[in-house]
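Look for chain A in each of the two complexes below; its partner is chain B in the first and chain C in the second.
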Partner chain A sequence: MNLQLITLEVVVTLIGATILLGSLWLPADKRRHLPLVAAAALVVLLIAHCFAMGVDTTTTLHGFGGGIVQDGFAICLKRLFLASAAFVLAMSAPFVERLRAGPGEFCALILFALVGMLFAASANDFVMLFVSVELITVTFYVLTSFQRHETRSLEAGAKYLILGGVATGLMVFGISLIFAGSGTMSLREISKLDPLPNLMLFNAGLLLVVAGLGFKIAIVPFQLWAPDVYQGSPTPVTAFLAVGSKIAGFALLMRLLRHTSRPETGFLLDALAALAAFSMIYGSLCAIWQRQLKRLMAYIGISSAGYLLIGVIAMAKGFDGTKAILFYLAAYLFAAMATFTVIGLISKEGEDERSEILNGLHKRSPGLALTLTLSIVSLAGIPPLAGFFGKFLLLQLLLEMAVNNAAYYWLLGIALACIVASLAFFFGIIRAVYWPSDVALSRATAPAAPIPTSLPLKISLAICVTGIILLGLQPDVFLDLIQETVRAFRWQ
Partner chain B sequence: MKSVGLEHYLIVCALLFCLGLLGVIIQRNLIVMYMGLELMLNAANLALVACSHFLNKLDGQILVFFVITVAAAEVAVGLALIVAICRRKQSTDVADLNSLKL
Partner chain C sequence: MAPLALIALFLPLASAVAIALFTRRNASVSAGISIGASLGAFLISALIFNQLRGATAPETLNPNWLSIGDFKVDFGVTLDALSQLMLLVVTGVGSAIHIYSWGYMRADRSVSRYFAGLSLFMFSMLGIVLARNFVQMFIFWELVGVSSYLLIGHWYERASAADAAKKAFITNRIGDFGFLLGILMVWAALGTINFSSIADIMKANPLALGALGTGTGLLIFCGCVGKSAQFPLHVWLPDAMEGPTPVSALIHAATMVAAGVYMLCRVFILFTPEALSVIAWIGGGTAILAALMAVQQNDIKRILAYSTLSQLGYMVMAVGLGGPATAMFHLTTHAFFKALLFLGAGSVIYALHHEQDIWKMGGLKSKMSVTFWTFLIATLALCGVPPFSGFFSKDEILALALGHNMPLFVIASIVAVLTTFYMFRLVIVAFINPAKSDPASHAHESPSVMTLPLVFLAVLTIAGGFIGIDKLYEVALGKTELGNHTVAMAAGLGAFAIGLIAAWTLYANATADSLTTRLGAMAHWMRDRFYFDECYEWLNRWTQELLATVADWFDRWIIAGAGVKGLSLAAELGGGLLRLMQTGNVQTYALLIALATALLFWRYIL
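Coming up: the complex of A and B.
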């Protein structure tokens, strides 16, 4: 047992428990500051983890019977999760009045979901994989339906509950078949087994587990829940679902595929390449006509999952996709967090977040309008911002794969076409922000007053914008930083 | 006479699992769908225990404990959610969950 490997998880759990107890003792009017306290604690933890805790990124450590692994890749992912949870808590601060239920419970649940994500980053056997996924999913059942007084929040919760439950069922049954086919639960031992005792059972199980994880990352054909759940959930929860839960799913999928990748399971990677193509096409096409902002983010998330899947396939095939994937994830994190923060700020309680609420935003709050524009530009993959460079790195990886297998040129063509198609939703948003039609303006009931933005939110938006711009203009700085952490990284 | 082997257990588990999945897909009542989900999880549990027995490894049984615990947590959260929906809509039919549209 090596407790050092789970320091972060233990500390975050303690913060969550403290917040939960603190909300019992605090007077009601003080409780609304709890999200900011939690966010500040996470920022301190993140800085300490980066500079002070003496985390050794050059060695791979195993603990808890091989269930937990700590390597450069897991460390990078954990930092992304901490950052995303801090952004989410910061944007929940002005949101707590709309929740009508305890802000303490809300923060604690976000922190417990974060613990699940941190475990997911270093899960190295099927027991840890299952427990971390479920810790995330069960807390999200509560979080999605947290606004119990709103029908749409309850509906989002019910849809996530049923489809998440199906995903859990598929995953557990898949794990049992993998266990029957290989005789072990450890990913490391599976990667060393040659030949597998029962290949057919193993392949069937692997297919089911990938399907279960497919729900979490919302790839076609497991994406059906995403638009509805994204629309109905409270906005900070949607942001956490879109960023944290998705990255956790990818972390698990990458480790799973890397360790199980062998010639006999090659069919799975080909199937995933097809799913990546479908996800990109589906996401970009549906985004074109979508005028509900949170649904739009769901479709952007689906196509992003398609691009990321390319990187995952490349990694499973043995290419070095670590940097490309981490870069894309960081770019997606900043842009998505900024977008959701702005959406949360400008939508009023109980209002459906249609793009009409953006009408004339540049006159009301030029700063928010600029932030939204930059993040949408980055999400659409237009140079020179972060999202463009992330997609560029992934497509470069695809080009390397295509040298050996010409079929990947098709995937490359589809990816390029989808990037062009995603320009359409970008123009829709920009038009609503800067040049709303007169008809839309006259119908708008929103007052033209500037939108009040608290200082912590201004700081978090400023960090997002800086991230988007820096990652786009100076990608080398960030890539070197990742390189430094994953330098000695080997899959083990 | 042939004794009962791992494959027999796995066939029963697969059947149970498909029944559960079918229940989730064709039923229209949230509570009955939830029963289908539980059936899926229990089919997986049975498979894990059977594998553990025939492979002489305890790993599967350990996971079963986790699955049972998680299923209990899931039921607690899920039924609370279904009760909240039922109070608001006076119905547990999924056809009534229709406010989230384009």
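Coming up: the complex of A and C.
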């Protein structure tokens, strides 16, 4: 028992419980402030974790029978989770009117999902892996269908439940095969086993676990749920699904591969390279046609997962992929959070978030228009913003890998082509924001009134924009910071 | 000495900057600053000359002014007899014209802009004169082009002036392109772009440039063809007369157009005999072509412009015949009398309220006596009448041609006949014949701010041949081997007599040009400049049209069609097909996931 390893998880759980209790005692009209209270609590917690709690990022600590580990990588990820949950709670604040079921439960569920993500960052055996994944997934079953009066929200929840159940089934079956093939649930012990008692069973189990995690991070061919669920879920939930849940999946995948990568399991990297290529192609091509903004974000997320897989493969092969992945994730976090915040602000209740709602945004709210543009530009990977540099770092890794294995040049070519193709959606959005066609304008029924934006949201958007710009212009600063944190973190 | 020379160089720049930044609204202060800078530069030049007397000053320089890899450029000044004299010519004639401008441009709306341009020009021109390497020279070479552009287009509201400015700039650009290539070839072959190092290398080994020697020389000569308006790039100079007359006098007669000749003399050692003979023939060809065109012009400034072309042809021919000292001597005397001619023409134009057609003038001899007499002195100098300065320099050129190339001597003599003919056509029709228009009969002499520079230049025109300018150039550039002086002199004077008699017979008391009818079609060809402009225009239009069509086709069908549209179509099609997978049906999704997992199993595990 080493409780200090799970301080964050405990504190976040306590915050969630407090919010639940608070919503019972608070008068109804005060409850709508709960998301902001929770967000503020998370911000304080994040700042404290960074500066005040004396967290040592350079040592690796194990606890709970090896099930929990705390190292620089886990700490980095936990901070990203805290930040993304804070952003999501902040954007939930103007959304509470649409949540008939009450803001208290909504916030608490988001916080409990966050606890799952925090555990995922530290999970070091298959039990923790499964528990954290399920903690995330089960809370999201509820969150996706939280607007129960809306059919599309219910549909999203049902789809997520059924397909998530399939993925969970695959994963549990995979874990049992791994246990059968290795005789242990601990990732550390698996990495020390040589040879593996039953390689065939182990490999089959590994593939199934990767399939289950592939559902979380939405890579081809486990991506099909993403557009439908993204579209139907309440926008803050979509944001959390797109950022938090995806990062958690990657955290688990990376830790899994860290301990299981060995020559006998090399097939998995080939498979992941193929899936990366398909994800990039699928995401980029589908994004071209997509005019529904949340579906568009799903496709952007799918192609992003493809790019990130490059880093995962590089990491598993012993290259320094962690930095590139963490950088890309941070860039993706800021841009996606800003985009979802703006989408949430612009769309009205029950309205489908098609790109027409952006028409003339530039005239209505120039600030929001600029924020959205910067985020989309960053997501498309155009210099000098953060997204560009994230892709650049990943492609650099690919180039290093290609030196030893020419097959990676194919992946490089595909990645480059996909980056070019993804420019298409970017132009569509910019055009709608700044130069809507007259036809589109005349079809717009909404009065061109400015969109009211509360101060916390303005701050949240300003942080995102600053992050996007700073990460792009001064990547070295952030990379050094990551380096500092993951210095002691070696994949061996 | 070098710091002094640098002061002289940067005074006009300071003046241009000061005018542009601070005194734009105050015309007289701007004029004062600019005139002061010019006079200051003149005084410094005189001081330098007085100290050195043609001796070469030791070089001081900033050795690493610009360095790109192995390519190092230093910044410094060359002070030998050549640059000292050229300094005096540029600042002296320049100062006279600055002062004259204050009278001529007084009524203009943007006097400050005009003087800023003049100062910028003085800076650039002095930069060329003082340059000690090709890069430094090229930079100022381009700056001269810019200031010329600004000044030709001074009255930019007039479409013709704006077009002329563009034409001058673009035509020069063609020549400069060759010049730059030439500089690069010199650097590639010799590894240096410093004039003194080039001279040392070439002296030690005349074949140092190797097989490309002639080509390199001709590329360098391209710069001169553009700047000094030699055939086939001569077309911009007559149009440049759209600028104010003092500008024509300073830039397009006395100094800038002579920069090409100056540059040839500066690097004379680079040229192979073959290159020199091409240069000589281009010069001779330009001289006769321009003289023929001048015969049928009616605009007083255009006549002088063609005369300038023709005289520049003389100078270039002299360089080509191996007489850089002779060329520089003629350049100097020409600067005096041609500036005087232009300023005289300006005085006439000013008095006649911007009338430039000589057939609408007349009777100015008595009404504008200072202008007339100085103009006549300059004309006689141009025609090579002793004892005026032009006689000495022209005589040297004729003697040079006689000694080296007989056909060119004949051409030069014919040019001399034509020169006298068209100049006296101008003098007789504009000054001596009775007045033919209302403004001409009411003309008054110009104010003394304009006539004093005329007198100053007239003194130089008269004295220029006696004060040993030619000897000083010979110190710098070596003595020129001349042919028989007596024959040359006889040819020159004979040419003058023939030209004068012909002009007098045809034009005394004439009210219209009878030569036009006598020459018939030939006269049209001369007046329309042998249709060079039309030819170039057609060529330009045709090539541009062709290029544009090809580029358009390429862009439309290859880049946009096959490249952009094809790719985007493929991408959209792919996206559309992939979208079909996204049915929205959970059962389908679950089935697809199961199938995909099975596929992965089959591919990687079994």
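Rule of thumb we're sticking to: the second predicted complex is superposed on the first by the 490 of 492 C-alpha atoms of A that agree within 3 Å, B and C clash if a C-alpha of one lies under 4 Å from a C-alpha of the other, contacts with A are read in each partner's own complex, and residues count from 1 in each chain.
Keep in mind that, in the parts below, contacts are C-beta pairs under 8 Å (C-beta built on N, C-alpha and C of every residue); 3 or more make two chains touch, one makes a residue touch a chain.
Values in this document were obtained by computation on a predicted structure and should not be read as measured data.
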{"item": "Partner chain in contact with A:451 - chain B first, chain C second, else both or neither", "value": "neither"}
{"item": "Partner chain(s) touched by A:172 [first = chain B, second = chain C, both, neither]", "value": "first"}
{"item": "Which of chain B and chain C A:207 touches, first, second, both or neither", "value": "second"}
{"item": "First (chain B), second (chain C), both or neither touched by A:159", "value": "both"}
{"item": "Chain B versus chain C as contact partner of A:151, first or second or both or neither", "value": "first"}
{"item": "First, second, both or neither for A:142, with chain B first and chain C second", "value": "first"}
{"item": "First (chain B), second (chain C), both or neither touched by A:222", "value": "second"}
{"item": "Shared chain A contacts, counted only where both chain B and chain C touch the same residue", "value": "158-159, 162, 166, 170, 227-228"}
{"item": "Chain A to chain C touching residues, read off their complex", "value": "158-159, 162-163, 166-167, 170, 200, 203-204, 207-208, 211, 215, 221-222, 224-225, 227-228, 267-268, 270-271, 281-282, 284-289, 421, 424"}
{"item": "Touching residues (chain side chain C, partner chain A) in the complex", "value": "568, 571-572, 574-576, 578-579, 581-582, 584, 586, 588-590, 592-594, 596-597, 600-601, 603-605"}
{"item": "List of chain A residues in touch with chain B within their complex", "value": "126-127, 130-131, 134, 138, 141-142, 145, 148, 151-152, 154-159, 161-162, 165-166, 168-170, 172-173, 175-177, 179-180, 183-185, 201, 227-228, 231-232, 290, 292, 295"}
{"item": "For the chain B and chain A complex, residues of the former touching the latter", "value": "6, 10, 13, 17, 20-21, 24, 30, 33-34, 37, 40-41, 43-45, 47-48, 51, 55, 57, 59-60, 62-63, 66-67, 70, 73-74, 77-78, 81-82, 84-85, 88-89, 94, 97, 99-100, 102"}
